[in-house]
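For reference, the structures are reproduced in the following blocks.
Okay, so chain A shows up in both of these, paired with chain B first and chain C after.
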Partner chain A sequence: MANSKLYKGSLTTIILKLLNESDKMYGYEITQKVKEITKGELKITEGALYPALHKLEADGLLEVEMKKVDNRLRKYYKLTEKGNKETVNKLNELQEYIKTMQILVNPKFGLE
Partner chain B sequence: MKKLTKEDIQFIDTYLDNSDVVYADVRLEMVDHIASDIENSMKNGDERDFYYIFKDYMVNNKASLLNNYKSFKSKTLNKLTLKLLRSFLTLKSIFLTCVLLGLGLFFKEHIVTYLNEDVFIMLWFFTTLLVFVLWLYSNTKTKTRFIAIEQLFLAMLLLTYFAKSAFIDICMAVVSVSNKDYLYIGLLVFFIVTWFNFISITIKNFQYYSNRLNLI
Partner chain C sequence: MKVTPSQLQDLYAFTRNHYVYHYDLQTELVDHLANDIESIWQENPKLSFEEARDQSFKKFGVFGFMDVVEQRQKAMNKRYYKYLLSELKQWFSIPKIIMTATLFVTFFTLLQTSYAKYFFFIIFGVLAIWTLFRSIQLNREFRKRKEISSKKWLLEELIFKQAGSIGIIFLSQFYNISMWSDVFISNTKLVLLTAAIFTLLYLVNYISFRVIPDKAEELLKTTYPEFSL
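And now, the complex of A and B:
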């Protein structure tokens, strides 16, 4: 992942946000979507993505669905009810964080 | 858009299996990831044969793929060991522990005549043997290996071995002779409750692979 230290803490929020916008997604699709949205600035490696997905699943925020697609099995992830609520919380947290950082880094042009 | 054939997918699967990615549930996600990336390259104009694109992918990514797999395996073992330990805090476990301890203390005089250090060493060997039989049964029944099932077997062996060693080698050396009976009963209850928790987590794991992932 580019600038990994800065982005690392936000990976869960990124995954939840993407899944919130679509019905279900599989691992590779998530990496490509992030690459596309950020125009290649942020690349999520499989080493960071899959453990995060498995943790979210173990925490009950995601559920899985297996499908046979193009001669192979594919594991789709989608948000659970608990996951939907957590997405709202995480996004609010992230927005607060961005606001605070903006005030700290650029006080003259801060939002407040 | 060009899609990989069944044979191409099988080739990736076998390659990963031969590279020690032995767990089918982990491998299937890796296979899909690699296959999707190769198909993406083909979509973006790479006209080479599957084999050459796959070879390039592996040259660039094999080391990190295998490192991630190894780290995932050890994290899973840690997680399952903690899960096995945390299961002692469930209501069912607490109730069972209390009942067994109560019974153990009530029938203490009868029970302790059968208990000694050798019995617990035998009990641990018996545990190892049963876990091995379960592992064989699981492999024969499912014909595949699953990370959560196998790593839980390993967690069970490590936990019971540690408990046996801690009780026998350490506690026995510092506890007075008159208190050893309580230690024996405690260890016996620990073994029974651990087995109870281990079996219930194993059943849940099988249900996960069978009902949620449809892999069994």
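And now, the complex of A and C:
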């Protein structure tokens, strides 16, 4: 697995982006989805995912919904209106970051 | 293979044994573990429930659920104080600001009379006694609620019990504050400040000991969709 420290700062953005693409998701589903998309390259740890989700909820970016599935209660998260706006901001920030890193790592781009 | 209802109960007990005491977080973690156990079984059907459960729990790291619990507490505290602040803001906009201003002017006037020292004690005393009275009431109410349902909710504890502990800390400072009362009322600037602090204390205590507990049901239902299930 790739260096997880590098991904750490982007966890919130990853969560927001995933929720932006689907109507609602639950915690376990998010971990599996990330694993699937990145073909196992990135594994979100449980110990980091839930705190991030709860923080986003407290900040009013996510709202929750409960549903009974397989005899148990499942907590779904979805973006609020504020969350939708924040997703756009966060994704832009991340794009900028990627661009800057590319310039730094590969200075040839800067010489053209 | 699916996790059975009795195994789900076992998972609830498991989270409790690992220091997760609040029902909302227990429920979320139980569902997580159950999902993971079911996917572990798909790859390795021979594993027992306990083995699969322990394998899943290991993924949470050496500290287990501790970090999740701690962060959840922080997030809930934040929500509580956000709510308190939004209630407080209402007292600084029309129409409630009239009451806030009246309270402030009354305190300011009383603290400038020749009986200022007595008024200082009366203003503080009334608040302290009322706060103590309310925290006893809220504690009793909390116990009654727990007789009806034993499920624990962090926000409910914040509303009914944390408010109480603030009251006790507040009262314990009575002696210190009385020692300094002469300083507080020694000149107009300090009287202004004292009147402002008293006004703020009255508002904050009124909100946390009366307004928020009265809205507890509504708040709990919006915070926890599973509360009424």
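Please note the rule applied: the second predicted complex is superposed on the first by the 106 of 112 C-alpha atoms of A that agree within 3 Å, B and C clash if a C-alpha of one lies under 4 Å from a C-alpha of the other, contacts with A are read in each partner's own complex, and residues count from 1 in each chain.
Assume contacts are C-beta pairs under 8 Å (C-beta built on N, C-alpha and C of every residue); 3 or more make two chains touch, one makes a residue touch a chain.
All figures in this text were calculated on a predicted structure; none of them were measured in a lab.
> Could you tell me whether chain B and chain C fit or clash when both sit on chain A in the superposition?
Pair status: clash.
> One more residue to check, A:104. First (chain B), second (chain C), both or neither?
neither
> Applying the document's definition of touch, where does A:75 land relative to chain B and chain C: first, second, both, or neither?
It touches chain B and chain C both.
> Is A:45 touching the first partner chain B, the second partner chain C, both, or neither of them?
So A:45 meets both chain B and chain C here.
> Chain A residues touched by both chain B and chain C?
On chain A, the residues that contact chain B in one structure and chain C in the other are 26-28, 32, 45-47, 50-51, 54, 58, 64, 66, 70-75.
> Quick one: which bits of chain A touch chain B in the complex? Just the residue numbers, please.
26-29, 32, 45-47, 50-51, 54, 58, 63-64, 66, 70-75
> Give the list of chain A residues in touch with chain C in this complex.
26-28, 32, 45-47, 50-51, 54-55, 57-59, 64-66, 68, 70-75
> Which chain B residues qualify as touching chain A in the complex?
Counting only chain B, the residues touching chain A are 3-6, 8-9, 28-33, 35-37, 39-40, 64-65, 67-68, 71-72, 75, 79, 212-215.
> Could you please specify the touching residues of chain C with respect to chain A in the complex?
2-3, 5, 8, 24, 27-32, 34-36, 39, 59-61, 63, 67-68, 71-72, 74-76, 78-79, 82, 225-226, 229
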